[in-house]
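Worksheet for the structure shown next.
We just call them A, B, C and D in the order they show up, numbering each chain from 1.
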């Protein structure tokens, strides 16, 4: 039974890794080649929003992959709800190239369109962070899907960390309407920070 | 011999998982960025058919992945016909982004084009369901490719479940001509339902 | 040493499987959604060349995957030349969506363009078949990379089979200029036939 | 502890292999089907830059995959910095289809645009080579992440080899402004050479 459960989380991890690897590599398709005759260098510089969006999404999917693995070192059993919540997480991950495209196309325009593009991007990140939290909360609650129950302190710490991430991304939805560029910069910094300091408690 | 057979189904599973993961992630390429100056938010809302199609196809490929694994926990041996039938199943799975594109482009138009787009989508799902049934029927018939023969009751239950899924999808081909949106909604609800209640008998 | 070699072919197989799975799934991107107002069904039927190309390439990559695995059940060691020849095989496999696109765009036009499109497609298949043969010939020659030397009869049979496949594909380059559609039909039939009757001797 | 570390590098390798396999296969999307009526063959020949770019990028990602594996046969432990540096390497690998697209579009134009396109491509390769060196230097320094410390001679040899690769790619940035085509040819020859003669010392 235990080994079958183990195999079950192995399946989820392998499938999720596949989706993470494909989504992070597909991001390159959001980069458009400028169509100019002369002045290619300046045309590329003018397209900085698409490179900023590419870098940010790459860092975010990269850190999500790292954290997903950390999380599944603690989670050793699976059930239907976990499967469903993990699919929800993959949905928001696989969708990310779309709002990255919105940023690439509209961030340089400024105005309301830039704000809407960045707000949709921020909403996508927030939904991914919520799905991440739901996977974790479902897995540790009652200790059913983990090897040994977390101490109350570790459980509290983990919930604080997940909440902080979710709140920061939710805040960038609002910040998008003040300054889309600032919202994107905050998202990049948060992702880059988390590459060094993972959120899942098992790795602390 | 047994271990070579085991390895054989391991190969099929790994390759199939790859195709499922790639197809589910490629779906994002069906989402078009609207080309507007001002009014991006409304332009996105107007494109609801592409998001509805994305969500439905994501749920359907997700549940196909889950069921494929359930099925291959019961199937422990492989032969040429199984390999061929599984490739047929992967063909219809890998093709799904195309009719999803048709929906994204034509469902909002209404009229005959919307009906044809949704009918082609429904036909694709029906063909996938038939291929799924054929893999299963070939594997359990005579118990040649499974570890231990199913009880007649379990075999009957499995066939009933597969038939119901196939008939529902086939019915949506007709429903497409009455109401394309209703047909898509039914397909989404069926897929979401099956995430909780898998079709393969080994998981009951 | 033996286990390190074993791991070496495991790496090649996993990487090759990834390329096969991605190439076979990317084929769907060769399918264009027609841009019409009314008459979608006829527009889809008019685009039969893209569906014929899709099906044929899917069958061909599918059978290449099957044969690649059969071959690597016999090959148990690796060296630099094998690595290089296998990359050459993957090059022609990963390239296949491009001539499939040529067929989708030009086969319906008829005339010289249709012939050139189908001839380029045939040349791609021929080069893939040659790379396949080179991998096999390098591996079995002197028995260095296989577990036990093949009998002279088995070696002769394998070479005959590979040569037949290569010659058939090479012949379709010429047939393309007589009838592009007939050349494509031959390629589809050959691929469908080989799904049942694999070329690698280890599976006979 | 050791086995958990081992698993850790297994994760990195599997994820990296996924990105390499996807990036090498996505390259085919850089190939545009010419839009002509008559004269398809000449139109294809006119597009030689896109085929030259495709071949070069395919060879480069192929050799990077080979070297990455060689490197991770020596590296047996992982830490946060390694994870981060490896993500940096994957960033430049996954980005490569974009400058390959630039070459496909602008190399045939000649003039400054061709030089800029090839210089951006060369810069991407240089950054990938630097990331490769950083992964290696971090892993061997102090022998913390490898099974047994390298001899000073082996360490020196490895650094020489990495530096040569990095310097050659950096030099092609400058050469791009003299002759974009020559720069690309050098890059292809270097990659083809390294398929036979890997850079990582563990394989010497």
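Here is the rule we go by: contacts are C-beta pairs under 8 Å (C-beta built on N, C-alpha and C of every residue); 3 or more make two chains touch, one makes a residue touch a chain.
This one's a predicted model, so the numbers in the text were calculated from it and none came from an experiment.
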Could the interface between the copies chain C and chain D be described as same, meaning over half of its residue numbers are common to both, or is it different?
different
Among the chains, which is located farthest from chain A on the basis of C-alpha centroids?
C
Taking the mean of the CA coordinates per chain, how far is chain B from chain D in Å?
37
Cα-centroid distance, chain A relative to chain D, in whole angstrom
26
Chain A: positions in contact with at least two other chains
18, 22, 26, 29
Pick one for the touching-chains graph, please: line, ring, star, complete, other.
ring
Taking all chains into account, which pairs touch?
A-B, A-D, B-C, C-D
Could you list, by residue number, the parts of chain A that touch chain B in their complex?
11, 14-15, 18-19, 22-23, 26, 29, 80, 83-84, 87, 90-91, 94-98, 101-102, 105-106, 109, 111-113, 116-117, 120
For chain A, which residues are in contact with chain D within the complex?
17-18, 20-22, 24-29, 31, 33, 35-41, 44, 54-55, 58-59, 62, 65-66, 69, 195-196, 198
